[in-house]
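Below are two complexes that have chain A in common, paired first with chain B and then with chain C.
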Partner chain A sequence: MTTTSLFTPSRRRVLQGMGAGLATAALPGHVWGQAAPLKIGFQLHRTGIGAAYGRWYERTTTAAAAAINAAGGIAGRQVEILYEDDATDPKRGAEVVEKLAGPSGCDLIMGTLFSHVVMGAAPRAGELKIPYLVCSEGYHVASGALNRWVLQPGITDVRAQISTMAPWVASTLGKKVTMVFPDYAFGHDHRDFFTTAIAAQGGEVIAQIAIPPTETSFTRYFPQIPAETEVLYHVMVGPAVLTFVKELGEFYGTGAKPALFGFIDSLEAVDTASPGLEFLEGSHFWEGHCRAKPADAGEAETAYRAAVGVDDNGASVSDAKDVSTYAHMFSCWETLYFIKQAVEASGYAGPADRQKLVEAMEAVTDLPEGAERPQGPMRFDGKKHQAFGVQNISKMEGGKLVRVHQTTIEEGLYDNDTDYTAMSF
Partner chain B sequence: MTAGNAKFFKEFWQGFSKILACGALAVLLPSVALACALPPSVILILPTGHYIAAAALTVALTAVLAALSGRMPQMQAHTLWETRRILPEALTSYLAFLIFLGLVLTGFLGPRDPMHNLMTLVFWTGVWIAVPLASAVFGNLWRWINPWTGPVRVARLLLGRRGGIGLSRLGHWPAIGFYLCFIWFQMISLSPDDPAVLAQAALVYWLAIFALAVAEGEDWLQKGEFLTVLFGFVSRIAPFWVETEGARSRQRAGWPGAQVLRMPPLDLSAMVFIALALAALTFEGLSETFFWQGLIGQNPLEPVGRSAVVWQNSAGLLATFALTLAALWAGMRLGARLSGGAFRADRVMLSFLAIASGYHAAHYLVMLLTAGQYTLAALNDPFFTGDSWLGLPPFYVSFGFLTDARVMPLLYGTQFAVILGAHLLAVVLSFRLAGPVRALAHLPLTVLMVGYTVLGLWLLSTARVG
Partner chain C sequence: MRAWAVHLAVLAALLAAGLLLPGYHTTNLARILVLATFAAGYNLAFGYTGLLSLGHAMFFAAGMYAAALPAWHWGWPAAPALLAGTAGGALMALATGALALRTAGVSFMIVTLMFAQAFALAILYFNGWTGGDEGFVIPSASRHLFGTSLAADTPRFLAAWSLFALGLLLSLALVRSRFGRVMVALRENEERARMLGINPFAAKLKVLVISGAWSGAAGAAYALLFGYAGGSFAGIQYSILPMLYVLLGGAGTTLGAVLGAGLMFYLTEFASSVTSAWLFLVGLVLVVLVLFAPKGILGWVRARLWRELP
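Presenting the complex of A and B:
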């Protein structure tokens, strides 16, 4: 494998990745001397706890904007992305929404990831009546907790993600499941949705081990894992993940162990071939988008990787160790193309048409796979304001995640009472 | 941004960035080339407890050996060469002032993304991290780029102003006040990285200091302006430094600390300033730990953000400052009591400069290696149009080293060595500076330094947010 250092990446590869117009997306519209650009505000987690995601969300969005602009823009208008840092803070998030909607003159806003920031900023978007498209995967949108102006068209929500794992886990790995999860909202979503979903498959969660978020050593929790456990479902996140894996390996040693199933959120932006993760060999993970390029990947997948500057292992083309947040960042790409579709369908001309734009978004249903959606096909539910897509299950083989199963969209669909179209603007 | 001011801005930048780049590149490149870093995830599985214990033992044994042998390094300084002064400080300061104005303009008019705006990048990685780091090796670089000296001299000349208004009588207390405000802005306020917010704060501060220095005289900057005071103190640890006398300039060299031994005793306000520097660095490290997050009721895996913890962190900062002051005061008093009266607290406090400098370097190393890349990228290609004004090939900002298990221990080792080295130097300096006192009198401060070694290394190795 050829690697390049920070200051000696191949100029050609970097330029390919960036695309000729990479950052022209960030330049004022007068550069083109054509119609005024469509201004899209991006609420970026540039600093704070979400910064690792923010870096890749920016890179993906910039690449998508460049690709769209190179192909003629949106409704003949070039796209201009205005990045504004919210410091992964809900109060700042609301201020950023005000700034992007007001002085910056954006047509709409996108990009927020962390749920607590979405919850803090989305109400302000509703008050200012500006479309607010989140890339969060939280259940907050589909749950009906937000408002008419908030949509999540680029990534499946966590309820659907988790639920779709149950059929495969029950049929392939086992029916007696012990869950180990961090004891806060993220872990509780997994606990609640998976427990229900596995029961529907005739399985059972036989133990739920909640780990306090401040914990950095886990050995004392492992004896709580029942001996009859067939599947150990783990979703630990944070800096102590390596410690968790190491101590779990020490606990089981070379003896018999349950099948391990996890969510890649634990190892997002971490090289799965890192020393210390050997114990995960042979275990399975959910992946929203497969970081290691599947053997049967199509042109869209290849083009997407080239545009963002990501290699076949999901790492930056300029640094094989710089692993991207691949399982989530496609949401930025696909959200931007969703915007394109809705703007062009609605005849959106300016802020006065924002309501019309949201209605056009709500009318979207099928989102086929293609250059716009390299992660796979999606279906948009206008009532829930939520997209539903295929999910992947990958197996760790030789330190690399290899896709072994893909769920259908239908497996992730669920009923609830949410109907944003019945809400007023 | 309108078409007119965008064009002006671009043209302005093409000149400005090149000037800025030369200096910044020289400062940043050597560090970035080290390209390794410290994610807590990997450090958490290292036996850091053993390392910390070994470091504490080393510091303690050094003190014991110093007490038993009574022989300490002489730390002589040597002159490497002597030349005529080439550039007067007033001129370089004036140029720095122009660059500062350019940065402020960039903060107001440039990209809103802090990692694409040179106001944010140059200040937080250049001025706040790289300048003190380089000053701790090559002497006081701030004196050349202090953006007040030149303008204040010119203003006083033009106004025909001589003498002052008595500000100097306040000692370092004004600097302590400004430093406290700055620390609050940096660690607790909601948007210190926001280019416009930072530009506004910097401009207001510059104007305030300018007005005071014009009234009092440029020498007051050495006491009243906190960056000048802080960087001046940090540079006293440097093994290389420049001394000027009239039109002559001498390049000096000596062991780290050689300058410290030749410093005059500190007044109370200067001692408090050094305590504040220690407290600020300590609290900055502490506030990121899982320990602190748990203490203030935050979930470290998904902290709400700064807005939710303004009061808690403000109280934490003040408490850390108070504890630091109390610990130092108690150590000094006890040392004085055990010595029978000859203990020179006003000189011993100078030894803590080594600790503050070492911890500053270790603490900010990772930030320099990450945000420093954005700085380089922005200087190289300010408009993201594929330009290469520094001659660097296009590159993606890359944090792969943050998860590289092979280089991570190297970085931790570097931080470990810096912290340990700083504390060993502090022990040696405290023995040299305390005066002719009996060995037992050193015990309280030695205990304090061992404690600080443990604390500093623990802060760098425990689970942290972000």
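Presenting the complex of A and C:
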């Protein structure tokens, strides 16, 4: 039996060592000095009710990370995204936050969309003192209900989105509005914020029709729509939306009908040219980011679509039937670039600097349009932990959404008492 | 004596694990023990008495909201909120059980499911008060027990362990009591139990109320320990979860609930670490287990190794 040690190496061991040394020397110089990657945990709705969004949130974030890494990473560190499925469930969401912050060793966490998952996981993020950047559009962050570690820098919240729609609706479509909405929190946000916003424009919500979440047929609700309705505001979501539109079309037939205005949330990941949606022709929708590429789109928009793999109609370049959640998914791209900006400004080096990182995020104000923000310019309110951007109104023409109006950032700003900077860490 | 010694040893081992393991696992263990308390309550109804309920999410959520709503709206501290949660689960079980227990078997399962669905929809409907599907965060001031914050790893674990220990020892005492034998008699042959002079309706209602109290305490503890209450906890999956824990660990065994809850939790953790199709893997393991150990792990132990296992 022969033995070798560091002090009496065999010929084979010496040759192996020399080979390894030569191979290492041949590596590019930047690999030598590379710091450990910045690990970003992504709380992903891979399964559950948010799966359609999750699929595109993952693609968008992967594309953004690749773009950032190709340009040198964040503060010289490559970005590594660790996706963890939360099943769109608040209990699992909290567990995922613990896992990403604990054994996975992430520097920060991002990406959560559904409001109930954000609400369920945010307390744990606060207790673990890890920055938690959500892409949810819920008002929960700006309302002050959460904690100092939760921010929403990549998408405008629903209160601002809804409020910015009212001036255009009142001046263009009409002032007597009937609202049809699902009878739970998402629908109630629309009911409350739009009713206030349209009243400020001299308009009036003349009927509020709440649809129970278990409803599968809507015909019996339509007679409740007052005849004098000028605008029908609808925000139905989920699989029943196709039935809703079809039955609404059958109710009005070819006769006179009010102008229709809705939120594209109803039709995210759904082809707007689908059979049954013909009744929506000529109607208008809110879009956070225009699914169909606008004629005047700039370089940033073109580059973003190419990077994520989305064609000019908002579908996957590899499968035209795989329609994206285009109105929302930009938030992942822009959140990752916001992280880059804050990490580089704060000199963040590791988990011990997390508080410094949040303070750097709170100090951000202007977020100009560009490759980092293809959706448009944004303004970040450090007290509310919330970004405010431009919103779009599109018209359905030939089964395709065409932008007809864009709001300003200022139209979406509002005052409330939220000041996270006064809250302790 | 041996049974008590084994149970105390299990509690000691869980306590040691919670205090010695890193913070991540301490929190996991706290969550497992709260869910195991829920499953232990379910086990009393299903495992020992044969009441196949699909409505226990209602008792869990009733306890959660009975604790969380006073904390949210009126700033109640944790101790009275926890008691309110336990009472909430028990009262909900009393009210629904008084009606549902007029049925049996599959009908009982369907009626409890319908009650639970109605309760879940009521939470969404009264969104202004309950926070609806979005839920709400429990104020940190209400998450203090005896002056200690339940948001910290060790106090949270100790609170969860205490709740579980109390539930486990009471369960053991209950199933070894005369009433425990009545429960098993009702499960095995209700007509024969009736002929022995037992009032099945009253006995089953009593079990359901105890089961509801256990579930309500677990729901209240979950809200107070993890800082959130929401409508999803009233959904059908939270009626199925305790059933899975009990079936996996061993229905009609006092320790089956914690074994099942722990295995399911770490199976999910492991599966989600190795594949994005983790739900498939978890489902596959459960199918295999049901095929090869239909009485659960401790049911298998009782059949093969220790007949007196309570």
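In the analysis below, the second predicted complex is superposed on the first by the 392 of 425 C-alpha atoms of A that agree within 3 Å, B and C clash if a C-alpha of one lies under 4 Å from a C-alpha of the other, contacts with A are read in each partner's own complex, and residues count from 1 in each chain.
The rule is simple: a residue touches a chain if its C-beta (ideal position, glycine included) is under 8 Å from a C-beta of that chain, and two chains touch if they have at least 3 such contacts.
As the structure is a computational prediction, the values presented were derived from the model and not from experiment.
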Touching partner for A:Gly309 - first (chain B), second (chain C), both, neither: first
Partner chain(s) touched by A:Ser274 [first = chain B, second = chain C, both, neither]: first
Partner chain(s) touched by A:His188 [first = chain B, second = chain C, both, neither]: second
Touched partner set for A:Pro213, first chain B, second chain C, both or neither: both
Touched partner set for A:His116, first chain B, second chain C, both or neither: both
Comparing the two partners chain B and chain C, which touches a greater set of residues in chain A: B
Touching partner for A:Lys91 - first (chain B), second (chain C), both, neither: both
Which superposed partner A:Gly102 touches (first chain B, second chain C, both, neither): second
First (chain B), second (chain C), both or neither touched by A:His140: second
Which of chain B and chain C A:Arg46 touches, first, second, both or neither: both
Chain A residues contacted in one complex by chain B, in the other by chain C: 46-47, 83-85, 87, 89-92, 115-116, 184-186, 213-214
List of chain B residues in touch with chain A within their complex: 1, 3, 6, 32-33, 35, 39-42, 44-45, 111-116, 190-191, 193-194, 290-291, 293-294, 299-308, 373, 383-386, 392-401, 403-406, 462-466
Of chain C, residues touching chain A in the complex: 22-24, 27-28, 31, 121, 124-125, 127-128, 131-138, 151-152, 226-228, 230-233, 237, 268-269, 272, 276, 278-279
List of chain A residues in touch with chain B within their complex: 5-9, 11, 14-15, 17-18, 20, 22-24, 26-28, 30, 44, 46-49, 51-52, 55, 58-59, 82-85, 87-92, 104, 114-117, 182, 184-186, 213-214, 216, 237-243, 246, 269-271, 274-276, 309, 315-323
Sites on chain A touched by chain C in the complex: 46-47, 83-85, 87, 89-92, 94-95, 98-99, 102-103, 115-116, 119-120, 122-124, 127, 138, 140, 145-146, 183-186, 188, 212-214
